[in-house]
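Presented below is the structure to which this report refers.
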Amino acid sequence: MAGNSFGNIFRVTTWGESHGKALGVVVDGVPAGLALCEEDIQLFLDRRKPGRTDISTPRKEDDQVEILSGVFEGKTTGTSLSMLVRNTSQNSRDYSQIADCYRPGHADYSFDAKYGFRDYRGGGRSSGRETIGRVAAGAVASKILKELGIDVYAYTTAIGPVSINREHFDRSAILSTPTAMPDTAASDQALAYLKEARANNDSMGGVMECTVTGLPAGVGDPVFEKLDANLAKAVMSIGAVKAVEIGDGCAVSTRYGSENNDSFFADEDGIRKVTNHAGGTLGGLSDGAPVIVRAYVKPTPSIFQTQHTVNQAGENIEIAIKGRHDPIIVPRAVVVMECMTSLTVLDALLMNMSARMDRIVEFYRS
Amino acid sequence: MAGNSFGNIFRVTTWGESHGKALGVVVDGVPAGLALCEEDIQLFLDRRKPGRTDISTPRKEDDQVEILSGVFEGKTTGTSLSMLVRNTSQNSRDYSQIADCYRPGHADYSFDAKYGFRDYRGGGRSSGRETIGRVAAGAVASKILKELGIDVYAYTTAIGPVSINREHFDRSAILSTPTAMPDTAASDQALAYLKEARANNDSMGGVMECTVTGLPAGVGDPVFEKLDANLAKAVMSIGAVKAVEIGDGCAVSTRYGSENNDSFFADEDGIRKVTNHAGGTLGGLSDGAPVIVRAYVKPTPSIFQTQHTVNQAGENIEIAIKGRHDPIIVPRAVVVMECMTSLTVLDALLMNMSARMDRIVEFYRS
Amino acid sequence: MAGNSFGNIFRVTTWGESHGKALGVVVDGVPAGLALCEEDIQLFLDRRKPGRTDISTPRKEDDQVEILSGVFEGKTTGTSLSMLVRNTSQNSRDYSQIADCYRPGHADYSFDAKYGFRDYRGGGRSSGRETIGRVAAGAVASKILKELGIDVYAYTTAIGPVSINREHFDRSAILSTPTAMPDTAASDQALAYLKEARANNDSMGGVMECTVTGLPAGVGDPVFEKLDANLAKAVMSIGAVKAVEIGDGCAVSTRYGSENNDSFFADEDGIRKVTNHAGGTLGGLSDGAPVIVRAYVKPTPSIFQTQHTVNQAGENIEIAIKGRHDPIIVPRAVVVMECMTSLTVLDALLMNMSARMDRIVEFYRS
Amino acid sequence: MAGNSFGNIFRVTTWGESHGKALGVVVDGVPAGLALCEEDIQLFLDRRKPGRTDISTPRKEDDQVEILSGVFEGKTTGTSLSMLVRNTSQNSRDYSQIADCYRPGHADYSFDAKYGFRDYRGGGRSSGRETIGRVAAGAVASKILKELGIDVYAYTTAIGPVSINREHFDRSAILSTPTAMPDTAASDQALAYLKEARANNDSMGGVMECTVTGLPAGVGDPVFEKLDANLAKAVMSIGAVKAVEIGDGCAVSTRYGSENNDSFFADEDGIRKVTNHAGGTLGGLSDGAPVIVRAYVKPTPSIFQTQHTVNQAGENIEIAIKGRHDPIIVPRAVVVMECMTSLTVLDALLMNMSARMDRIVEFYRS
């Protein structure tokens, strides 16, 4: 239980290092009878692959997934689903320079403090490549959610100082812009800023957001397993995320109650809310409105400027990182956020099936 | 597993409703041999009691804790610790008016959607009184952490638009100001704002922060059980919290990498960081610097203005909430945030004991 | 997570010591809408009370249960259910004699080795009174199972050398005989043996069995969470149990496959088995036949004969236990076995609700 | 959480089907710094391989393990350890005959009832090949236990009616006899019986036992996580096991307390017990004596005689199983039992590290 599992009923366990033989995931609790093939997974993995555009690392990562168990004649069997991606182009020599020093902003020092040594090849388990397992599992969760009429999609809302204009929200642009921004004009502006940062051998941060629609009211649990609490954990567990908001997030702290409360109203479509400041949760349970989660991502810690740091011997040194690194994490992390959200929402839905006596009786006696 | 437990080794299970007979908590995994008495717990519960000042509800809540098990001759026995607080002054009649309608900003509607009905007395399990169990358990965690040299303290950093001046940070003011602000001048200013909001029958939000010092580097786990991810969950699980930041939080998204990286340096005291933008975690593990968590809290949803809403029959109605309600949640929630942080940090420390082969061998062979 | 919780979705956490203030249980995951009152629980607690007959301890244990949370207007709310039983007649003076010595067959020595000291009053947490929480929770599970058409009942099959005659199985005798044997003739014979053992200041063991009928096929999970594996854990976790059998148990080891396989047949009532050597499970899942579990219980370790042992100072001493002790554990443990079985079966049923995609879609889209 | 994980801190998740692409395991919670290579694992896997002798299936199963993650430069890193075994010689055509019928004694019917369909190739996930992941993980646990001075070894004690003579116990024979019996004479006798059973197209059961020495007193937890309860679950989760005993097991039910209690005595080596009827546990915690667990295994359900059964269409049919099957499960299951015991004991040891306040303080403050 050293931290590589997520979820209760739909339970994901990931493994693998940046420069090991392979990375992968075992998903326990996949319901039986879901049509599933490698293509379903590959579509999601391709969204996190680098090399699509000039704002990501020129490293070539092929990342072909192989399903090893849990599927028989095109359908999930209800038993554990194992998926594997072989590492093919990792070049450990790139990292020999940093084997005995602690890169600022990276996990080198904290891993060494915990374990007594570390796999220094590309960050080992602390590398962003660790998210391959999350994305493979999230692709399965996403497919199940779609069959339940639930749509989960994430996108970039800001890169450095450049934010999207929500009035120009264009969902199709998420997949077509290299920034994953749902606003082509903002994306172009962001690319200009990124170009400048790269020219300065620097890196940039940004903001990403995920929306869930179609989720019925009442999903999640009170107290510690609140839907928003689990989303916060899910999203904060992604490498470079330093803040998480639900709905209007930080902004609520300066509002009056009369401004912030979402009024209910009823019409022929049932009970809904006039506004959605709450971001789709009340008391930790979904309230029928879209669930909105936002994550603030730090700039890539690997920069090509000289930095002060310390080596394993405890000596003060200077370091200049080389290699091929993304100048910004956000565009490739968007699909990871989407997958973590899907995993969280699906697990809450499955847990929710046993919440009411009448529905349990109906399930077993009908 | 419907959400009333928290933690892995130091595992807390809370129970109780706002207007039920009692509230309490069972803590499993309390190490044996800790000196513990009811006074240790009461000190923490008294910090969340209302009625201390005129900015909190005039309801009288006595909240005397009783330890029912797990302590023998003044020391914990290693077996489950049960603590109970009887409800004494709850008046269910206050709530009969809202039994069949959904208060905006409350969990009435989402609970009804989940369970098919709800305990309408003061929110039942969704009431802020639910946190009594968290605070009682957190008091135990806090005492253990102190013996390990780890100090956890939370405080208010903003109320509505009024923020503390960090240059005037005065820890003693946390307990002496009615706002729990570590800055008496800011506190006075905040009280004036609160008075105005109350005069308008309105409520206000704010920001609270928690600092952990003395935590060694390397605590937490990579991937899903990151220390910051678990802190985000812990804090977001507190009723009205809508955003969580670690370290500089949201601000990192507009920075360059060269600004945001914390450089390491070494001197006779070991390896440390020049700055602490990261808020004490790298790669999900503590890095030896103070851990900083911040929470943004919405204004109390109970306001004394007429609001539009819906009743259980699905009719559009108007509601005017009566009763005794805090105009702001933050000052009483500060101790809850402190307790959730302590629970999270302690559990990570206990989990960390089995991280290294050499230390396990030392533990069992010495 | 020091061992006081059981179950995944229907999750029980017990607390309390033999001579503490009270004992109790918190049940998380109780579905909402179950009619529940203290009388439902009391009926089960009364079955484990001593003093009903002259084969149990003459100690008076009143064991009145109080429901503290989780029920509103006679129905469970879906939130955590807390139940408490006050200790009223415990007399700690009885145990001062054994405060510093290790009674043979008891947990005194192993507790001391683990925790560094122990609550010596009546065994503290290792006392049979610990099962009060299990029985209170099991009563709730049992009520839910009844609504699903599932019947769980336990009984004594042997006391010392006296076994029931299965051809005379009389379920009504379980509650009417002091031995909990479903065979009044065997019960009378057993009582004669018990009288003899008591006259010799000795104690006796026995065998108990639990049957589950009405359980549909397919409940349980493959690999580690097999229904029979969880039943084995559930039953072996009861104090004095030293062996657990499923179906024909030990006897299968000397059979040929052709004797031991249960043939299937089909008729208008569906698919069934001709025999039930397997005890209702195949591959860890229920197979539609009655589930049969059997537990072998050691004689009460407290006997009124002089025994050799050691004290805390490590000196060899003689000990003569005084006090009021059951000469046999089985008749009072039968209801505990029944409750542990109910908890296990119910949890497996709730977990099973998310096993199939088609049923999840039906649950959420209908 | 559909049942493919085991353990709390040292947590194992297995995957793979009899005739899928591969089988494997992810182990989370492996402490960092353990020297580990594929040869360590292969030694254990070779003990469960068929084809060593004429009493096991003539199927060739190569079962070469590959470590995919969690090891760097020959040492475990503290991150998740992934191990894989490719299926090479599985021949799905052998099983086409049974695709639509339910074999007596197998999980075919119960899997179909649960999931709505099944992977009929060799039992899929219900196959004995599922234990490959358990054995690979158990090999790691065993290596860690050895470094702590704890020795775990399992062996066959009976095959059909032939039992070992404990006065001739010869540990070296466990690995040298085809029966895994620690008594060559009994082994020879058993082989003669097996030959006869095979000639009759029948199969046989048996008994296996596991001993743990070197375990300090006080390991395990009271109430539900008793060491013996977890051992019972661990062992009962192995395919064909139908009964589990701790120490003298079933035999205690007919004893008097004066016969069954193990007296303590003290000498220069500390506190020990004169006898070990209890099998090394008191109150669910280890007592310093060897831990003894025994499992009763049913005869292989696949027999080459005509049997009555039912097909998926619900028709009564006759079936004659073909293929290559072990006439007895026990000799190959012995290493599985040993591995499940090692996993259970190691997890209890790691959990035990946080049981005492003084030792936690020592761990973090020294």
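Here the chain labels run A, B, C and D in written order, and each chain numbers its own residues starting at 1.
Here, contacts are C-beta pairs under 8 Å (C-beta built on N, C-alpha and C of every residue); 3 or more make two chains touch, one makes a residue touch a chain.
Remember, predicted model here, so these are calculated numbers, not experimental data.
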Each chain counted as touching chain B and chain C at once: A, D
Chain whose average C-alpha position is farthest from chain A's own: C
Approximate Å spacing (C-alpha centroids) for the pair chain C, chain D: 26
Chain centre separation in whole Å, for chain D relative to chain B (CA means): 44
Interchain centroid distance [CA atoms averaged], chain A/chain D, Å: 38
Per-residue overlap in chain D, given as positions that touch at least 2 other chains: 1-5, 8-9, 14, 29, 32-33, 78-79, 114-116, 125, 216, 222-223, 351, 355-356, 358
Chain D residues touching chain C - in the complex, by the definition given at the top: 1-6, 8, 14, 102, 104-107, 109-116, 125-126, 130, 158, 160-161, 197, 200, 202-207, 216-226, 228-237, 239, 242-266, 270-271, 274, 278-279, 281-288, 296-303, 305, 307-310, 314-316, 351-352, 355-356, 358
Complex contacts: residues of chain C adjacent to chain A: 8-10, 29, 31-34, 76, 78-79, 144, 147-149, 216, 222, 349-351, 353-361, 363-365
Parts of chain B lying in touch with chain C, wherever the complex brings them together: 1-5, 7-9, 11, 13-17, 20-24, 26, 28-30, 32-33, 66-70, 72, 75, 77-82, 84, 114-119, 121, 124-125
